[in-house]
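Below: a set of structures, written as structure tokens.
Below are two complexes that have chain A in common, paired first with chain B and then with chain C.
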Partner chain A sequence: MGGANPAEVAQFIIRSRIADPCFVHSLFSQLPDSNYSKLKYIISSSVTEACNNSVLLLGSRGCGKTAVLELVLEDLHKEHPDMISVVKLNGLLHSDNNCALKEIARQVCMEHQLQFSKMASFDENSKFLLSILRECGLAHKTIVFVLEEFDLFTEGKQRLLYSLLDAMQSVLSQAVVVGVSCRLDADQLLEKRVRSRFSHRKLLFLTSPGEDFQRLAEHILLLPMDSRLPNDFRASFNEKLLNILADEEFKGVVDQLCYSESSVSQLLRFLFCAVCHMDLSSGSLSIQNFKSALPSIQRQPKQEALKDCSVLQLYLLVCMRRLEVKELELCNFNSIMKEYKSIHDSFKTSDYYARNVCLRAFEHLLQRGLVSFQDNRGQGQSAEFRPVKLLISWHELQQGLQSFRSCPPLLHKLMDREG
Partner chain B sequence: MAKDESPQVSRRTTRASLNSTPNSKAPQEHSKATNPSRPLTIKDLVFRGKSINLDELINSFPGRRAQILELVQFLGPLNSPMIPLFVYGGASTGKTSTVLYMFRHLKRPFIYCSCVSCYSPSILFESILNQILLHRKNESGGYLSAKRCERPSDFVNSLGEALTALIDSLKGNMRKSSPYGRMVYLVFDHLELVRQWDKSDSIISLLFNLYTLLKIPEVGLIFISRVSLDTFQSDTGFVEPFPVYFPDYTEDDLHQIFMSNQANPKLYSSFLDLVLRPFYRITRRVDELSTAFSPLFKKYCEPLGDLVAVPNEDMKRKLFSHLQPFISLSLNETFTISSQPLLKDRNLRKSVFKKPGVCETLDEIDFHMSTSAKYLLISAFLASRNPATLDASLFDSTGGTDNRKKKRKVSEKSIDQKEAKEQEILMKGPGTFPLERLLAIHQCITSVGEYSLDDEELQNGELGADGSDSGSMSDILLQLSSLCSANFITKGGSCPLEGSTRYRSIVSEDVVLKVARSLKFPLSKYLYRR
Partner chain C sequence: MPAFAAPRHSPASDPTSVAVTPRKSRLRSDPDAAIGSPLRKSPRLCKEGSPNSSPKIEVIRKCLKSSLNLSESPEKKQLTEDFVEGQNWDPREETQLRAVNETLHVSTAPASVVCRENEQNRILDFCKKCVKEEKAGSLYVCGCPGTGKTLSMEKVKVMLVDWANKEGVQHPDVLSINCTTLANMSEIFSKILGQTHYGKKPSPSTSSLQQLQKLYSQHTPGLKMILVVADELDYLITKDRAVLHDLFMLTTMPFSRCILLGVANAIDLADWFIPKLQSLNCKPMVITFCAYSKDQIINILQERLRALPYTVFQPQALELCARKVAAASGDMRKALAVCRSAIEMLIGESMLSSLDETEDQQRPAANDMMSNIVRINHVAAALSKVYKSPVVDTIISLPQHQQIILCSAVKLFREGKKSTILGELNKYYVDVCKSTMIPPVGILELSSMCRVLDDQGILKLGQSREDKLRRVTLKVDGADIVFALRGVRFFRNCLK
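Now for the complex of A and B:
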């Protein structure tokens, strides 16, 4: 990318930053009293004082738990080379005890250049784990077990958690168990025997509030000193960007963004969209980029699905809504058709179609997710008889009808009369 | 049709079909069918053949300009990392074709797998790994996959290894100034189907979290789905991918789509002016519209001598009045398969034996079925529709003609009750019945039906198993199981009280009426009307 357009280089740099969670969260690591320093203290004390420890990192999805952990581990690797080995497990992949122990054995073998046997049994693997813990303890080497999606490990008998935490009761071992979960009640999911062996250290990660938002945006968007970028380009880019970020208009956009959701991942998606829309010829971000990014982030899937409907499908939806108002216990395709026919009988609409055509339209509604079956029972029943429910509210349907371009006026009337 | 969006094709055929541009004007100079013994290389992950530029790409998808530009921007210039994308929109809106064509334009390596053909996690995993490892199933390898992979953990491990190796070789290629860049894209199509798999929760979270699990920035993930993100539920959620929305086509878009690649644009345009608006009110899907339009257009052209001429106003009016009755007929039809040659053949054969005037083509059932299976179908239908308490009075020795005496004076209350009953029928659908009841009814109607049919039976020369001896029991059971597998009758769960399996007939009344008519069976006599 030697003689490339500096704007392209800038875009590339920012895109790589957004795609790399560690970079994004490195901002928070510089703060004193952050989770970063707490976690670092816990793990490093275990490394230097040769003790066992366990900690849970809790916080909503995408708020940087794993990223902070990675940063801590990276730092500790630098500070104490050859003193730490990390074993990473993920609840999505290794919630099965057998599989988890095998994976631990595999990763340990990879790190220490041992022969890994795929055929080893659960028993052998757990013995291997204990002996490895003892050996590492004797060599003053800390093993850090990272259990991502910790809540998924608590399904079933929790044998893995028990054997890990139980092994830590011995003075010989030197290990840290770090659980990462988006369930804030993850420690409550533990069995009694496991809970009593857990240290009950919890670090809570908050979703970043509004003020951090500004700093995070600067952190990601401001261009660094880079050999590929001409200095004057960098200076002008950053200056323009700071102007935009300080602008009231931009703050309004950010407020709108945070109104529905203010997580870091939401911000990242927003910035990604804005950066992708960057005009490469002018070589700088504009307020327009941010503004246009907003609607593509805040999607309204139900409204979109309504807008995609055909007129016949709208008729069926309105019929369902009218049945809902009548407070019938159950509603299925046949009762919808009855209502549809009665509407036709009283208003003589031009949109009266045969039953099979309506059934097809009804099935499309099911596909679109505007309507769903009430239960999973009666799979053998044909779709006409299975009870269904409407997945949109009266208000949403009303709004959808109003924004529909060629909506028959009769439908509005039918909605208003009964709603 | 102009847009060959066939969503249910495997990757190979998709690519093969993509080698011809949507306008199918470009000759198929580069077919995928190269020497099969040649080992695959990285080049096989990239579209071979002529590349298209952005304008061609946009022109080949009318009405998709904004989406294409957006997607190209999100994928960015060569080598730009990206966050996972989620492309969604209704069926038949060109999602898959657009994405695949975009890779043809961009010329970057990608891996496509559809959850239609890869219908279970292990098949999905193995298909992805096969493509990345450039493995081809062949005879010498015993049609085995490159790696057996059942568990998600094995999949993520092998995928990580394979992708790193692939990206390393791409980077190696970069130094030799190969144009593919170092990004590899994984495209998952028909993601909405994953929701119906076993343990769908964990698979969906796995796929959406794949990017964070792999931690390889050179991987771009693109998910294609017919439904929006909010219908994918999972316990603790996932990091949401970036949504890209494909709206359904508007009337103008559809006009443009249907106009492309027409032999006589003026004629077709005047045809579209007539049909598009009414059909647009029913459905906006290109595939459904095109199946409806093609027979109509043939009808439209019927009065014309030559198809090249540009129709004038007078002609248009004439054609309109010619087409008018067919439009309203076709509006109320769904997809039909024409079994015309078959039907005609059968009608000819039948009319030799049958008395004239009896056979009506419309009432003909268009599938073959043995006589005993027909009786069984009718008895199942009766068992499902009639209340079990009335069986005795309907099928008693007098032949069940006394159900007319049920007429009493109608009071207000009974009307209400009647309505409630009707409502219940509408809701519940056909009832279930045990096997014994079906056999009893079958016995009754075959013993009644037999004499009315005897003469014709002999003429046709098909001596069914439905005589007075009613065939063997095992034959009936065999017929029943074949009716079940043909989905005429469904097998329900066993009743907790009786402990026997219950059945339910799910055929519509029209079909059964046709069947009964073909047997000359007086169905209405036995059907209890409330």
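Now for the complex of A and C:
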């Protein structure tokens, strides 16, 4: 790719890094205190010391539990080739005992090139599981059972969990059970004898946006030594990037990004968006890219709908809001028209339109999703008589009015009055 | 069965290892291994398998120091005189570490079972009586999880066979069933039938239960006694309690040859579920395995550690562990897990100190003796890890708006209500936001944040046609939330 624009190459490199979870989480693998090293120690000690273990990974969705687990397993495969075999189960699919045993048998047969029979009964499958555990124990091969959505396995009689964790207690088997769940009290959901067999090791995946994001951004965005990139381009790109990351404005953008969700996957989406907005002619990222990425991550669909409304439709919305404040039981098109007329009478506005024009505007509001019918009764009646409700809150409406291009000041006054 | 690669034999002992391995380890696959001896996994020296792969030393030191949170214990000097020392052990030595981990692992059955001799003898006497008199009988063993029931049953089975061989009496066939593995309830009868008849298939017209009943209601000479050990008996409980009933009734038949030992957790299983037996006056004998007391736990741990030639634990540390576990549940598995966790804390600390040594040589050699024993602070850290709930840490690291939602929920529920609808919560949330000049988010985003909190188990969100009408309940104690948010001044004032 000699003749290509180095900015394009840089964009390509960064985007492929963001899309690779192993690369993203390898940042945390250097720290000895991180969850990566703790998990690696637990599984590798089972491989080297031939002891059984069980561990639970807890954390909210998108914080990297499965990614770190995959990274650990990949690294251990490289370090101890052919000594680990992995069986993956998911609570959404395999919470039923029969289903789970069949799936375990299928995966083991596939890995060791054995004949798998779909007709095998429950009894045969459970005997197969026990003998697999015994044989792998004798051959010093560790089996790692990965149970995703662990809390869904705890419904019902928990037979699968009991048999797996019971196998951990016996000296004949060599296996590790790793449960992944987003419920913090997943181990409280276990029955008492299953909980007694569980080893109470929990690894908590917490995300603290501040310093972590800085490190993550540097890890992903700083360009590496690559043959496709000229050296001076790389150096100038990295320098500009470091300046941006240290900027106060950037920190403000990050704070706003994290105010409602601060998981790793949210941050990755933000970085991807920002990199896509990169100006290829200038050849580097700028603070503007990050700022323009923010609204595409935090979309406000109601604001976007408001932006396209006409002034008449805004009047109708404000009238509905006033009716809501007055807490009238019945709010339908007729009452809105009455309110509209009373405003016109008291303020002598110039925006007074005929009834059929208003009805047309009202129907557009219904289609846009800013108002809707209260219930599904009275389908036969026309839109004029059916009760309606607002789907947009006072605060959002006020924000929309303030950013509207030519909002009549009367509307502001009307809105502020009820506040 | 598929054949795997032949198991590796234990490698020749490493000439550089100093410690004496405590016991001769056998290969599990060794065909000459005696049946009664506790089988042990063969150790493997895996050179690449050390827990620390080359990280930067500075980073380790800082991180370990902050994370381990171990204070320098001021009692180091005094405690040296307090206990009798055995030979010292080096936690960094791999073979020693492996040996210690093995002795403390739950799967290692100790050679002699301490603190359960009384119960074992009672069960054994009952079985001996049944075998000698060639009569059937039933026994029910109950107790909390982790109190040594299955372990004792294994020992009793072995001891019974030995005794029968010594006495010259015909020893009974032994059948162990774990009731969780049964596909359906009546399979237990076909298993018992299979054991007695050595392969006589049950005919399709009569069920296995009927065949057994027929067999036991007439005199069959030469039929061997059969000892049935049924683990996790409460899995056989159905609405009409038929299976459990029939199982115990089998032992009351005139010519029955079945000795039934049932194991479960419920203390009053026999009373509740087998009332007919009571009326027939053949209630099974009940043996209760009480939860372990503090002294028993200390005894058991010391018995396990006695096999090692060096002292691993300080006596006070063992006592702290035993006290805490006995007060909580009396579960031996938990005690072993805490001990292993404490050893890992010690390893972490010794890694830290070895890094310090390499960095500045002027420091006088740390008190080696003290640094190789698991002390009270290690056990305390391990106990807090096992018993701590992750809720407080998670709330502290939640994003801002989710914390505001929790704060408004606490305020709402303080007024006495137990649950509310999303619309109400929205109102309180908007109020709280207004008081700090933070712009509140719309109802859609609020509802998706509540769903995230519901996933984590902090709130509970019900179902409803309309979003605003969904029921919201707090699953976490309000005091925990107040405690977690006390670091932020705004929440402190808000929740006063």
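In this section, the second predicted complex is superposed on the first by the 294 of 419 C-alpha atoms of A that agree within 3 Å, B and C clash if a C-alpha of one lies under 4 Å from a C-alpha of the other, contacts with A are read in each partner's own complex, and residues count from 1 in each chain.
Just so we're on the same page, a contact is a pair of C-beta atoms (placed from the backbone, for glycine too) under 8 Å apart; a residue touches a chain by one contact, two chains touch by 3 or more.
For clarity, every value in this text was computed on a predicted model and none was experimentally measured.
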item: Which superposed partner A:Arg61 touches (first chain B, second chain C, both, neither); value: both
item: Chain B versus chain C as contact partner of A:Ser265, first or second or both or neither; value: first
item: Which superposed partner A:Ala246 touches (first chain B, second chain C, both, neither); value: neither
item: Touched partner set for A:Cys182, first chain B, second chain C, both or neither; value: both
item: Touched partner set for A:Ala383, first chain B, second chain C, both or neither; value: neither
item: Chain B versus chain C as contact partner of A:Glu79, first or second or both or neither; value: second
item: Footprint overlap on chain A, comparing chain B with chain C; value: 61, 182-183, 301-302
item: Chain A residues within the chain B interface of the complex; value: 1, 8, 11-12, 15-16, 18-21, 61-62, 66, 90, 92-94, 96, 99, 103, 149, 151, 181-183, 265, 268-269, 272-273, 276-277, 296-297, 299, 301-302, 304-305, 307-308, 310-312, 330, 332, 334-335, 338, 351, 353-354, 356-357, 359-361, 364, 367-369, 380-382, 384-385, 387
item: Residues on chain C engaged by chain A in the complex (per definition of touch); value: 1-2, 4-5, 7-8, 28-29, 38-44, 46, 48-49, 51-52, 55-56, 59-60, 63-64, 66-67, 98, 101-102, 105-109, 144-146, 178, 180-181, 183, 187, 232, 235, 265, 329, 331, 333-334, 337, 341, 386, 389-391, 393-394, 397, 399-402, 430, 439-445, 449, 452, 455-458, 475
item: Sites on chain B touched by chain A in the complex; value: 70, 73-74, 76-77, 79-83, 88-91, 151-153, 156, 202, 205-206, 209, 212-213, 217, 226-231, 235-240, 242-245, 247-248, 280-285, 288, 331-334, 423, 426-430, 490-492, 504, 506
item: Interface residues, chain A side, partner chain C - complex; value: 30-33, 37, 40-41, 44-45, 47-52, 58, 60-61, 79-80, 112, 114, 121-123, 126, 131, 135-141, 157, 159, 162-163, 166, 168-172, 174, 182-186, 192-193, 195-197, 199-202, 204, 206-209, 258-262, 300-302, 392-393, 395-396, 399
